[in-house]
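So, here's a batch of structures to check.
First chain A sits with chain B, and in the next complex the same chain sits with chain C.
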Partner chain A sequence: MIQNLVDGILTGSIYSLAAIGMTMVMHMLRFANFSYAELLGIGGYAALVFDRLFAALVPALGVAIEPLTLTWALVLAMLVAMVITGASAVLFDWLVFKRIRAKADALSMVFASFGVALIVRNVITLIFGHKAELYSQDIAFAVVLSRDPMLLVKPDQIFTLVAALVLMLAFHLVLTRTTFGYALRAVAENPNLSQVSGVRLSSMVTAVWMIGGGLSAAAGVFYAMTNHLSPVMGHNFVLPVFAATIVGGIGSVYGAVLGGFIVGIASGLALMVLPSGYTPAMPFVIILAVLLVRPHGLFGEDRDA
Partner chain B sequence: MIGLISYIAFFATMAGIMAIAVLGLNLQWGNTGLFNGGVVAFFGMGAYGTMILGGRPEAEQFGGFELPFLIAFAGGILAAGLMAWVVGKLTLRLRHDYLAIATFGVAIAFESVTRNAEWLTGGAKGLRGFPRPFEAAIGDGFTYGLVFLALVLAVLIVVYVGLERLVRAPYGRVLRAIREDEVAARSLGKDPARMRLQAFIIGSMIMGAAGGLYVTFYAFVSPQDMAPILTFQLWAMLIVGGAGNNRGAVLGAFLIWGAWTLSGFALARYAPASMQLYAGSVQYILIGLVIVGMLLWRPQGLVPERIGKTFNDRAAKAPTNTGAHQA
Partner chain C sequence: MKRKLTGFAALAALAIMAQAGTAAAQDCAVKVGVVYPTSIDWGKPIAATALWVTDMINEAGGIDGCKFEAVLRDDQSDPKVGVDAAKALVDLDKVQLLLGTVASGVTIPMLTSVTAPAGVMQMSCCSSSNRLTQIAAEGTTKGLWFRTFATSNVQASVAAILARDSGYKTISILYKNDDWGQDIAKLAAAAFEAAGVTVVGSTAITDGQPSYRAEVTEALGAKADAVYMAIYPKEGISVVREWLSLGGTQNIIGTNSLKSDEFKEAVGMRYLANFQGTDTSTPRTDSATAFVDAYTAQFGAAPSGPGLPNSFDAAAIALLAYAAAGKDAKGADIAAKVPMVTDPAGEKIGGTVEGFTKALALLKEGKSVSYQGGTGAVVFDANGDVSAPAVAWAFGDSGIEEKRYIPLEEVGAFMDSMAK
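The block that comes next holds the complex of A and B.
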C-alpha cells in the first residue's frame, strides 16, 4: 500500500513535468498534440549521447555522485538535452504545425501530430535500436526506509523527485515574478487581448515550445534514470500525460502538476487490485471518470465546449 | 500461374478488408469531421467479437459458441457499435479533440485486455479455430480464396453503395452542414450531438465488420494483429485517397496497401541483413511521412470531395471541420 503510494508519487512527478508543457501547448494552440510525449524520448536519448560524450572527454565527470548513479556528465548532458529538445519542439512547429495552423483547423493538427509522433519514434528506433538503454551500468541499490510496512526507495528516485519539484518551483517563480511570465499568463488567458497589449504571440508560441520541450526532456531523463530508455517510451507517456492535463483542466499549469501526481498515484494504487498488464489502461479510466464527473478538469474553464 | 492468381486474390482480399474499414473512417472524418485515434480498437472489437461468438470451444476459454457465421459476424459488428456508443456518448459533447484522446485511450485499453484477459481473449497466444463459411463445401484451397475474395468484395460494395446513398441523402447533407458550421446547423433545428454520435457509431460498426472479415479470413486473431500501426495505415489510406470521397477512400486503400506490400518486399530483398530487424521502422516512417506530407501539400487527397450543387462554392475547399471552439 505505502510502497504503491510512494512509487505513484515518484512516477507522478515525471507526469507532472511533462504535463506542464502539454497543457500550455494544448491551451494556446488549441489542439491535442499526440507527438508531445515523443519529446521525452528525444530528451532521454539526447542526454544519453552527451552523457557518453562528456564522460569520454573528461573522465572525471563520469564518476557517480554517491549515493546516486548520477554523474556530473549526465547533469550537463541533461541541460544540453533540454535545449536540444526545446529546439526540436520549435522545429516541429515550424516544419509542420505552423504551416497547417495557417490553412486548416485544429483537428488537422491533431492528425498531423499522429504522423509526427510515428516518424520521431521510428527515427529514434533506427538510430538507437529496439533494445533498452541505461545511463549507468552501476546497480542502484534500493534503501529500506521502513520494514513494517515495507518501503524501498532508490536514492536516484528521491533525487528525481526533488529535482522535478525544483524545476516546477523555478517555473512557478518565472510565471509569477517576471514580465515574461506575466506575458505568458496573459497569452494563456486571452491571446487576442494580450496581443493588443503588445505581447508578440509568435515569440510566445516559440517560448512555450522551448519551455515544454525543456521540461519534457528533464522528465525523459528522470524516467530513464529510474527505469530505462526505450524507443517506445514516448508512446507509453502519451496517455498518462493527456490524463494529467485533462484532470488538471486544460490550460492550468498548477492543475497539470496536481493532475500528474493524481494520475501517478492512482496508477500506483491500481496495482493493488489489477495485474500490472492493465497499467497502461489506467490513465484512460481516469480520463473517462473525469469526463463523466467534471469534464473541464479541476481548474479548467468552461470556455470551449 | 495459380500461385500468382492466388497471391493476387490474397492481396485483393486484404486490401478489400482495409477498404471497408477506410469507408467507415471516411464517414467519421471525411463526412462528419470526427477524429478517431483508435480505429484499431473498433476493428479489433469486430474481430474478437466475431471470433468469440463463432469460434470453436476450447478448454478454460470463454466463448467458442460456434454460432452460425452471420450471427457471429453481426455480433462482432454490434460489439464495435456498443463501444462506439459508450465513447461517443462521453466525449462528443466536449472539445473536439477529446474524441481523439478518448479513442486513442480505447485502443490502449483494448490492447491491454487482449494481452491480459486470457480467459476472454486468449492473451498473447490469441484465439484460433474458426469455422469459415462454406469451407466444409469448398475446402480451404485455391477456390476458397476466390470465394472469400468475392464475399469481401460483396461486403465492400454493399457498404460503399449504402454510404453513397446515405451521404447523398438529406442525412449526409446535415452531417456536412454540422462539420462546416455547427451553430448554423443547430439554428436550423438539427441536433449536432445526436447526428455526430450516429455517424460515429455507424462508422465504427463498419470498422467492426472489416475486423470480422479479417478474423474469418485468417481463422486466428492475436494482439499482434491489432498493432497500433493499423490505425496509421487506415488513416494514410483515407488521406491519400481523399477524405470525404468514398471512391477516393477505396482507391487509397488499394494504393497504400500496395505500396506497403511492395516496400515490405523491397526491404526484405535489398536491405542488408543487419537492417532486417528495422525494416518495420522504415515502413512506419514512410507511413508517417505520407500522412504529414499529404496534410501539408495536398490535404484534399488524390480524389477530392465532390459536393452537390448547393455547396459548389465550398467544393474547392479541403474537408475541414470548423468547430465552434474556434469561434
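The block that comes next holds the complex of A and C.
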C-alpha cells in the first residue's frame, strides 16, 4: 500500500512536469496538442547525445554522483536538452501550427499535431534506431527505506522527484513574482485584453513553447533515467499526460501538477483493486470521474461564462 | 454473357467427366481430403508436401491394392471458406480422412462443425492453439483429432523442468497481456505446480505503458525464489530493469520471445548470469536431417517455410494409419490405428518410399511401427497433441548460447506426469 503510494508519487512527478507545459499550450493556443508528449522524446534523446559528448570531452564529468547513476555530464546535457527541446517546440509552431492557426480552425490543428507527432517519432527512430538506449548501463539498486511495511525507493527516483519539485517551484516563482509571469498569466486569461495592455502575444507564445519544451525535456530525461529511452516513449506518455491536464483543468498550472500526481498515484493504487490486465484503463476512469463531477476539471474555469 | 455462362457450364461438365474418367481408370481410388491455404505463399509448399507424401505412399503400395487420391482444396485461411471446403469433401467426396489446416481459427470450426460430427478423422500440420487441446479434452472431437505441431505447452513444461532442476521452490509469473501471453502463463502455472514449484503470483504486463513500476512492485510483493517472464523485449527491458533495481531476484526464466540481443544489451550481461531461456527445437535426429535432404531433392530448395516437416508427418502418419485400417475404414477406425504407426516399441521406419513399403507390410501383418519423421519420432497424447524437443538457452558474451537440449522423450515424460 505505502509502496504503491510512493511509486505513484514518483511516477506522478514526471507526469506533472510534462502536464504543466501541455496545459499552458492547450489553454493559450486553444487546441489539443497530440504532438506535445513527443517533446519528452526529443529532450531525452538530445540529452543522450550531449551526455555522451560531454563525457567524451571531459572524462571527469562522466563519473556517477554517488549514490545516483546521474553524472555531471548528464546534468549539463539536460540543461542543453531543455533549450534544444524548447527551441524545437518553437520551430514546430513556426513551421506548422502558426501557419494553420492563421487560416484554419482548432480541429485542423489537432490533426496537424498528429502529423507532427508521427514525424518526430519516426525521425528519432531514423537517427537512433528502434532499440532501447540508456544513459547508464548500471542498474541503480533500490534502497530499503523500511522493511515492514516494505518500502523500496531508488536514489534516482528521489532525485527526480526533488528536481521535478524544484523546477515546479521555480516556475511558480516566475509566474507569481515577475512581470513576465504576470504577462504570461494575462495572456492565458484573455489574449485580446492582454494585447491591449501592451503584452506582445507572439513573444508570449514563443515563451510558452520554450517553457513547455524545457519542462518536457526535463521530464523526458527523468523518465529515461529511471526507465530507458525508446522512440515511442513520448507516445506512451500521451494518455497519462492528457489525463493529468484534463483532470487538473485546462489552463491551470497547479491543476496540472495535482493532476499528474493523481494519475500517477491512481495508476499505482489501481493494481490493489483491479487485475493487472486492466490497470492501463485507470487514467481514462479518472478523466471520466472528474469530468462527471467537475466538467472543467478540478481547477478549470468555464470558458464561455 | 449468356454464351459465356453456357461455355462455363460446358467446361464444368467436361471437367466432371474428366474426373469421372480418372476415377474409373483407378477403380478403387480412396479419396482423402486435403485442406490447406494454397492461395497463400507459405501455404502452397505445405500442401505440396502433403501431396508428395501421398504419391510416395501410393508408390509404396497404397491401400489394399488401391491408390490414395488426395483431393486438395484451398481454405484461404478463412474460416468460412475452410468450413465450405471441409463440408464439400465430407458430404460430396465422402472422405473419411481430412488433412488440415494451418490457422487455428479455421481448423477449429472445420473440426467442430464438420469433421467431428461426421465421424471423419482430421489431422493438422500447423494449428498451435491451446483451445484445440481444450476441445479435445472436452470430448467434442471423439478422438478423431490429431496435430503434429507442438503447443505452447512445450515451452511452459520446459520452464517448469528448468525451475525444478534449479531448485526453485516458489515462482512469480509476469506475462504479456495478449492471447499468447495469457495462454502460456496459464499453461506455465499448471506446469510449475506439477513440478512442485509454487506459483505465488501472476501479473499481466500490457505493452505501451510509460511505467511498469506498479506491476513490478505487485509481483515483487510475493517474494518468490525466481520469476518467469513470458514477455517481449520491448516491455521486457523496462520490466526487467525495474525488477532488478527494486531488488528482484536474478533467477529469471524467460520464453523464446526474449531471445534478443537488444534485450541482453539493454539489461546488461552482468545481471543476466542466472537467466535461463526456453525454446522449442527441431529434433536432432537422423530422420529430421533425412527429411531436409529428401525435401531438397524433391523440390529443389531446402524446406525453409513454416510447418513443412509437420505437414510431411501429418500426411504420412494419417495415410499409414488409413492403409492399416483398410480401404473401407471409417474415421474412427483410422484414428484407432494411429498408435500402431507411432508406437515407440515398434520397428523404426523412415519417411521414404522404402520405409513406407516396409511399414505397410508390417502393418498388414498386424505389427506396429515407430514412424520416424521430419519432426522426429512423433507420439500423440490423449488429446491428439504432440510434444517437441526443446532447448534451454542463456545469454553469453558472444550472444545467445544453447545450454541444454531436452529431447522429446524428456519433454513428453514431463507432460505425461503433469496429466496425472
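As a working rule, the second predicted complex is superposed on the first by the 297 of 305 C-alpha atoms of A that agree within 3 Å, B and C clash if a C-alpha of one lies under 4 Å from a C-alpha of the other, contacts with A are read in each partner's own complex, and residues count from 1 in each chain.
Going forward, a contact is a pair of C-beta atoms (placed from the backbone, for glycine too) under 8 Å apart; a residue touches a chain by one contact, two chains touch by 3 or more.
None of these values were measured; they are calculated from a predicted model.
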Partner chain in contact with A:154 - chain B first, chain C second, else both or neither: second
Which of chain B and chain C A:115 touches, first, second, both or neither: first
Comparing the two partners chain B and chain C, which touches a greater set of residues in chain A: B
Partner chain(s) touched by A:280 [first = chain B, second = chain C, both, neither]: both
Partner chain(s) touched by A:100 [first = chain B, second = chain C, both, neither]: first
First (chain B), second (chain C), both or neither touched by A:170: neither
Touching partner for A:201 - first (chain B), second (chain C), both, neither: neither
Touching partner for A:237 - first (chain B), second (chain C), both, neither: second
Contact residues of chain A, present in both the chain B and the chain C interface: 235, 275, 277, 279-280
Touching residues (chain side chain A, partner chain B) in the complex: 30-32, 34, 96, 99-100, 103-108, 110-112, 114-119, 121-123, 125-126, 129-130, 235, 238-239, 242, 246, 250, 275, 277-281, 283-285, 287-288, 291-292, 295, 304-305
Chain B to chain A touching residues, read off their complex: 33, 35, 37, 90-91, 93-98, 100-102, 104-106, 108-109, 111-113, 115-116, 228, 232, 235, 239, 277-278, 281-282, 284-285, 287-292, 295-296, 299, 318, 320-326
Residues of chain C that touch chain A when the two form their complex: 177, 203-206, 208-211, 213-215, 217-218, 220-221, 234, 237-238, 241-242, 244-247, 262, 265-266, 268, 271
Of all residues in chain A, those that touch chain C in their complex: 3-4, 7-8, 10-11, 14, 131-132, 134, 137-142, 144, 150, 152, 154, 223, 227-228, 230, 232-233, 235-237, 240, 267-268, 270-271, 275-277, 279-280
